[in-house]
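In order of appearance the chains are A, B, C and D, and numbering begins at 1 in each one.
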């Protein structure tokens, strides 16, 4: 296994800077960093707390050649950005990470063991405060049932040789259950949510899937009422590259008002879902970045599943593909009603 | 000293909620463990262990607040054919479209008891007072803010521990800070010692004793409940105690911040420094919105159709590009580095200079919740180091 | 902002169900409305004058007219407010007739709805900005696609006006289906005699450039300026050198089907379709040529006295600009074989199509006008005509009428008697449709003078028996089944759109129906126009029709083209997309979805690439507006904010 | 019960004209639907439909040219994809998918338009207010 530092140092020969991680983030876990010199790169690390999708920085660094350390999931964002011509394949060097074995939900550790507790999150084991714990239990939801263990594109490969992942992803559960429309159950939104709050072993998605439309409406209203419009969901998203001209923050067009309430928050998320149709690679950064814990991936996962069903398309898996909503198929597009 | 048994807290809140809205920290359903100050209603759980993700500034500066409503009224007598506009002047072309605007005031804010704030949250209120409630009459007085502030009672939970993100001890009294609190609860075995800091705090203690009488029948203190035979619990909520207030020995401090203001001024133009510090920042507004002292706002009209609307005041954040975007298209703070520089300078240089208070109480929320692990203390340390050795940017 | 609302009563058409005075009264309470009135007939001269008066007296800056469908009178009222000195686009029409008064009977329901619709119109017009059309110069050249009688007529009419025309024909000669006909009904004129002079005229006209063996490859651009790629297919014959001597055809050893003669008889791999072909130039069909199939042969090149044969010739694509296009791609006969197994499905040689029979009748046909039945060359004595094969037949998915079958059956029955005096013709018909001038009389003559026996009913089955064919049908008039022994059966096959008509329509951005007949813009009032400006229809490509109708439509199309190009420049609709370049992020999703190539990249001074709309190409569909993530590509007249405001007003 | 709020987004060339034709033929229809005219269903932003639902619409109807007949050739093909995706996403947003209907009505199908309106209005009536 060649180490991440020397790979970054090697790639620095070809690019202006490399996006990676250092161990010195807040709370004692990995934080994103930029390396421009071999000396700076000495500080680079890779461990299971390297959760961030660094592709978010690529559209902001278009005037430079950039190396990027990308997990399998992150590499899909890079691929999608290239496919959308947002970045130039020739100006980015991808250091793909293979066999990570899933990354760690640091928030979950903090929640149960206190903020800043010493964490040693290797790719095959997890130590909290010096004691080994079941790594599986603290994996991020999105890593369960991962379909992107290998990077889609890479120029260099970093073998992380982590443990294998088992378990059913929250997302997968939602997908299965949502495909039946979920109407006509007796579970109310409130019951479902308090069950989720009380019993962490039951994934929220499973409960969500059992709700009918009215219950879901209540569910979202309650979720969105927490939103403070910090836009972390948007800013953490590698595909949200409209940046300063985002339609969530303008009166022309006037899709949302400037107030902070559940209604505006709902419209914001409807915009995000709509704009990411066929573009979301499911990296989960929006949900991870949300400081008030709104389960945004419930919607994104659902949409990604529908798009795969309708158009046989997964964003960020094919540099040459035509995004499904920017094209059409005269004969093939199925329609459920006439 | 008064003693409040832990198990009596719900009852205290119940009594308080008869007269005011009560807000208290609680873990929210389906939120992955997010704790926030929420409107407390009978039977709601409390979370006094975890730190709330957002500060308590919502109580005095809500994320969105209606300033007033307005509606346009038009026309009037429309008779005959053709219909004429009522405001038509003798000259033929009317001066206006005959419209009048009706303003409806916002509902006045009610009284609020905030339960379970921390010293850093409470202190932040006095920091905000320095801007919004300049009672000397010379400065700015914000009527909405003042009304809410006057109706707010803060019951603070004293910190006996800290976590690695706390740095309140860097500023004056740290965990022992009493400013902004009306009543402080010190955790002791089995409950809390209550110290009233202000008359409002005294009222809380009194209401704990007497509220039964206020709402119930004309029973005196100590009378037993005629139905259950139990002593009225109002008497037992705050007991006299001989215990001493515990010494809050927790320190959470960033060292070496002396002369920060001058040092920040020295590196103001060092844009490279600010770029390096913000390289991982993604420009979201969480740090400003979670901050108990950040207070920037936007005033905007929201229409419902073309005839009526409301004027709202909502939080705004200096980390947003649009915050300083000018209509011409020019933006004086075009990059993240410019915006972050302003944020730090506002907190540690301009506000102290103008308002005499540091715009930070060391609560650490911006550190705990930052999606990219940016630590404001690192930035301050770097700023101090960098300005100490100009030309050597240090390890960026 | 000063808005005037005019509520039309349309006599009682609207006022009968909508309380128009209440609508006007309600309008006065709407934001910025300072004038509202009801008018009896808004589109009438006094109605329009009332609008102009109100605009001028009250200084109105926007107008809402609640009346009939904007599809009816939008243009009228734009002109009206233009006359009042306003920008023509500062007017919004609200449809309270077709969408309200005419479909509701309850006055309250209709009135409430009308008020809502006016409210929506006010919200929309409040967000309208003045729009200005631009003009683009037109290319004063015309493309005619298809060299049948319609195409020839259109080309000649246009060329006579002085405009240069390019007449493009897919096949090796112009003349189309008419050139294959023996005689025409109801006058029994010789078809070639009247058509070939026109063909020659087209070839020789100084303003017509004729391109045969040529197809349309791609079409870009829009009314006034179409950029068309045409593909001239390799025929291995140098057109300028060929003298039409036909020696190559005579000597060619490669047999090939005779397409001109509808498969009756055989032709050669290198051939000229018929002696009167225009241009009179041979063409080689590689798929039948021994040189290309087997690799050896070269007879034609050897024998050609003009050295016109070139085996290395390749397709040539050229690009030309045109201001207008006439589509005259005609028809072909419906291929009946699969749909009618009961008629033998093509297995019986003596069951022929009407066009094949036409060639047998023709003096210039393969049998030199001697009618011989294909199986044994004998002269048929009993000839049965079966009408409506692939027409008026729901069971095979062809409910349409071919419009000429009844007439050409009568013609062929007459000609049969003329050619074979001792013959007897039978005609199975459903109805006799003979609506043209002299047509009814003609069908009568077939029966009375030429003894054709007409039987009303469908033919159920045709089967061979003792060297003859038995035609089983029903005579619905006598009510019994009929069996007729026939020497020859002629199927009056219906019309189908020309092969590839749909594909061509897509290249031209025009619409077509389920049979791939091309669609006119309006069935009554715009029968020659298509839904795409600058493209016109002539002849049977639009629907089955006979020669005089085709020629008339061609003349009409020509008049439209001449009118269009006489102006020199064309006003473009201002309701096109526009890009806010300050906020454009340069993702070009708009360009990805644009069907008109109307979006191009523009580099700003700071190096940013942004989208730019080419106004003259944009058609205003708005697909780009939706595809644009920050919505900075905006369709003028239908902006996001206008649509949001309309929606919000309705939900208020 | 308050009156139902139904919004229809219709393309100018086919469905709006089809609705005109229904009007010309005096085909009676329920009175709840309010029509918003657009050049093409390709101009219908799915967000517009979501916004309508969010603001209290009880039903939203989109109608355009039949596939192959789009005045702009391709607009309705884009719409077909966008709106099919939308209708599948509605349940996740907490909106009953039956409240949204997407169909094709040509300029000559006045009777069909009247049927579409009658059927859709009846369906939403049966469901009640959103």
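Please note the rule applied: contacts are C-beta pairs under 8 Å (C-beta built on N, C-alpha and C of every residue); 3 or more make two chains touch, one makes a residue touch a chain.
Remember, predicted model here, so these are calculated numbers, not experimental data.
Undergrad: Give me the chains shared as neighbours by chain B and chain C.
TA: Joint contacts, listed by label: A.
Undergrad: In terms of C-beta pairs in contact, which of A-B and A-D ranks higher?
TA: A-B
Undergrad: So which chain ends up in the middle if you average the CA atoms?
TA: So the chain nearest the centre of the shown protein is D.
Undergrad: Indicate the whole-number Å distance between the mean C-alpha point of chain B and the mean C-alpha point of chain D.
TA: 46
Undergrad: If you average the Cα atoms of chain A and of chain B to get two centres, how far apart are those centres in Å?
TA: 31
Undergrad: From the mean C-alpha coordinate of chain A to that of chain D, what's the distance rounded to whole Å?
TA: From the centre of chain A to the centre of chain D is 35 Å.
Undergrad: Calculate how many whole Å lie between the centre of chain A and the centre of chain C, each centre taken as the average of the chain's C-alpha atoms.
TA: 52
Undergrad: When you check chain A against every other chain, which residues touch at least two of them?
TA: Each of 219, 243, 255, 325 in chain A touches at least two other chains.
Undergrad: Residues of chain C touching 2+ other chains?
TA: 593, 627, 640, 644, 648
Undergrad: In chain B, what residues contact two or more other chains?
TA: Touching at least two other chains: none.
Undergrad: Have a look at which chains touch which and call the overall pattern line, ring, star, complete or other.
TA: other
Undergrad: Every touching chain pair, please?
TA: Result of the pairwise touch check is A-B, A-C, A-D, B-C, C-D.
Undergrad: Quick check: in the complex, which residue numbers of chain C touch chain A?
TA: The contact residues of chain C facing chain A are 583, 585, 587-589, 592-593, 627, 629-632, 634, 639-641, 644.
Undergrad: Considering only the defined contacts, which chain D positions touch chain C in the complex?
TA: Those residues of chain D that touch chain C are 5, 7, 12-13, 16-17, 19-24, 26-29, 31, 34-40, 42-46, 48, 51-52, 55-57, 68-75, 78, 82, 108, 114.
Undergrad: What does chain B use to touch chain A in their complex?
TA: Contact set of chain B toward chain A: 27-34, 36, 50-51, 53-54, 63-64, 163-165, 279-280, 282-286, 288-290, 298, 300, 302, 312, 314-315, 317, 320-322, 325, 367-375, 378, 395.
Undergrad: Touching residues of chain B toward chain C in the complex: what are they?
TA: 72-76, 78, 81-85, 87-88, 92-94, 97-99, 304-307, 329
Undergrad: Can you name the residues of chain A that touch chain B in the complex?
TA: Residues 24-34, 40, 52, 56, 107-108, 110-111, 114-116, 190, 192-194, 196-197, 204, 207, 219, 222-223, 226, 228-232, 234-236, 243-244, 249, 257-261, 285, 288-289, 291-295.
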